[in-house]
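Since the structure comes first, as structure tokens, the remarks are kept for the end.
A, B, C and D are the chain letters, set down in written order, and residue numbers restart from 1 in every chain.
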Amino acid sequence: MEFRQEWLHEVRKAQKKAYVPYSKFKVGAYLLTKDGKDFHGCNVENAAYGEAICAERTALVSAIAQGYQPGDFAAITVTTDAAEPSSPCGACRQVLKELCDDDMPVFMTNPAGDIIKMTVAELLPLGFSGKDLN
Amino acid sequence: MEFRQEWLHEVRKAQKKAYVPYSKFKVGAYLLTKDGKDFHGCNVENAAYGEAICAERTALVSAIAQGYQPGDFAAITVTTDAAEPSSPCGACRQVLKELCDDDMPVFMTNPAGDIIKMTVAELLPLGFSGKDLN
Amino acid sequence: MEFRQEWLHEVRKAQKKAYVPYSKFKVGAYLLTKDGKDFHGCNVENAAYGEAICAERTALVSAIAQGYQPGDFAAITVTTDAAEPSSPCGACRQVLKELCDDDMPVFMTNPAGDIIKMTVAELLPLGFSGKDLN
Amino acid sequence: MEFRQEWLHEVRKAQKKAYVPYSKFKVGAYLLTKDGKDFHGCNVENAAYGEAICAERTALVSAIAQGYQPGDFAAITVTTDAAEPSSPCGACRQVLKELCDDDMPVFMTNPAGDIIKMTVAELLPLGFSGKDLN
């Protein structure tokens, strides 16, 4: 799936909702499903830092809670206020691996509108998955 | 806020959406906001067990991603298929503490419809919070 | 088990090892086993805030990795630089519940040497555990 | 740093200490510091699946709690009982990124003694780090 400029607007709207009293580092995510629905995600921090939940995971679990299932997703876009586009953290890559197709695109962007595209598989090479458990 | 019987139906609907290929233990959450909107939550597991996200947190971050803020929540109900009502895990209690009023009720229920009510503060006595960080 | 003054010295030593470039909030833990061995713990943060690991869990998993098993622990002491003794976060309470006896004491202390004592069960009332899964 | 056969024996010893009542999937880690000390790690699970801690992180935080600092590590070896060598999960890759050199080798092995080698940077391409936060 190719990137569309209107997603920049959506991911910025998502980012505004971030709850980040500790880092002040707002992250937004914009998730599209294969059937054309979309979900916003933002990071939700905690005084106990380890209980923070990232924007990418917020968007993904929101979709699951509305009835979507692994494999139903078409693309995700992520933004922060950093000068360079930031990538998903490791835990988010693991959740993307679990819930999304290996070739699903992850678009990373920044305030200047630069875009970096990587697939889920590229972000977690030789990724750990359920087949390792069997 | 007092428990309403129709919430049992909603939390069961939320529970059905759980993604639990590893534990087979489906959890549902039903979150109400003070302005009358509601959110479903379910647990979303991962082959890497530590990356699992619980039903309560799924519901809460879904609401934040739609623009709700800490303090906007009125009640949450949780259910599983265990014989006795199950309580939120520690990480969920920490996220409830961060995002909800101390006296917000948490209703725990089971397939038989038994109800246990505790407040957020009762679930995390002497809870760690942002004021500890200052 | 009663608190011993020399533990204050040990938990301060543990605290010094904290890796906290993001919060600057150093936490130390001092864990004792029933057979008299001890383990230091400190918080280990991450640029991805959600991947932080707390002092209490660091001490507990260090002990497990050296061969100790659930039920082998006698007491844990925790300290920070906050004016009031801080309590373990929810995730740590959940791990304490899994690995320690319900009546094991958790001692919370501060730079002034004040002590608050609670048991594992008191910190996670009606705690979620493996029996809920069956 | 090149792989040494005796590490297979050590990582197997570490693996035996895993606490895995839920997955039954034992993981071992064997961490070496640049000054020649070593640390065992094993996974430590929880009834609340999301509170599980992996073998790699257990080894790393054990070392930090004994005074080691980011950059002090030389190599880590990981093993499971799966037929193919398993890789670290995303959260572990993020913690490796935070605490280890980008070119530190991660050796993945299996019961047959096959070895796959990747660096920390290869496991988390374009990895998120503290410089993104500034």
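Heads up, the rule we're going with is that a contact is a pair of C-beta atoms (placed from the backbone, for glycine too) under 8 Å apart; a residue touches a chain by one contact, two chains touch by 3 or more.
Here the structure is a predicted model, which is why all the values come from computation and not from measurement.
Identify the chain pair with more contacting C-beta pairs: B-C or C-D.
Looking at contacts between chains, C-D has the larger number.
Determine the centre-to-centre distance between chain A and chain C, using the mean Cα coordinates as centres, and give it in whole Å.
Spacing between the chain centres: roughly 32 Å.
Counting only Cα atoms for the centres, state how far chain C is from chain D in Å.
It comes to 23 Å between the two C-alpha centres.
Send over the residues of chain C in touch with two or more other chains.
Those would be 22-23, 45-48, 51, 53, 89-91, 94-95, 128, 132-133.
Looking at which chains touch, is this a line, ring, star, complete or other?
Looks like everything touches everything, fully connected.
Where on chain B is chain D touching in the complex?
Going through chain B, the ones touching chain D are 22-23, 45-54, 89-91.
Help me check something: in the complex, which residues belonging to chain D touch chain A?
Touch residues, chain D against chain A: 23, 25, 80, 82, 84, 86-95, 97, 108, 116, 118, 122-128, 132-134.
Can you name the residues of chain B that touch chain A in the complex?
Interface residues on chain B, with respect to chain A: 14, 17, 19, 21-22, 39-42, 44-48, 51, 53, 57-62, 64-67, 69-70, 91, 94-95, 98-99, 128-130, 132-133.
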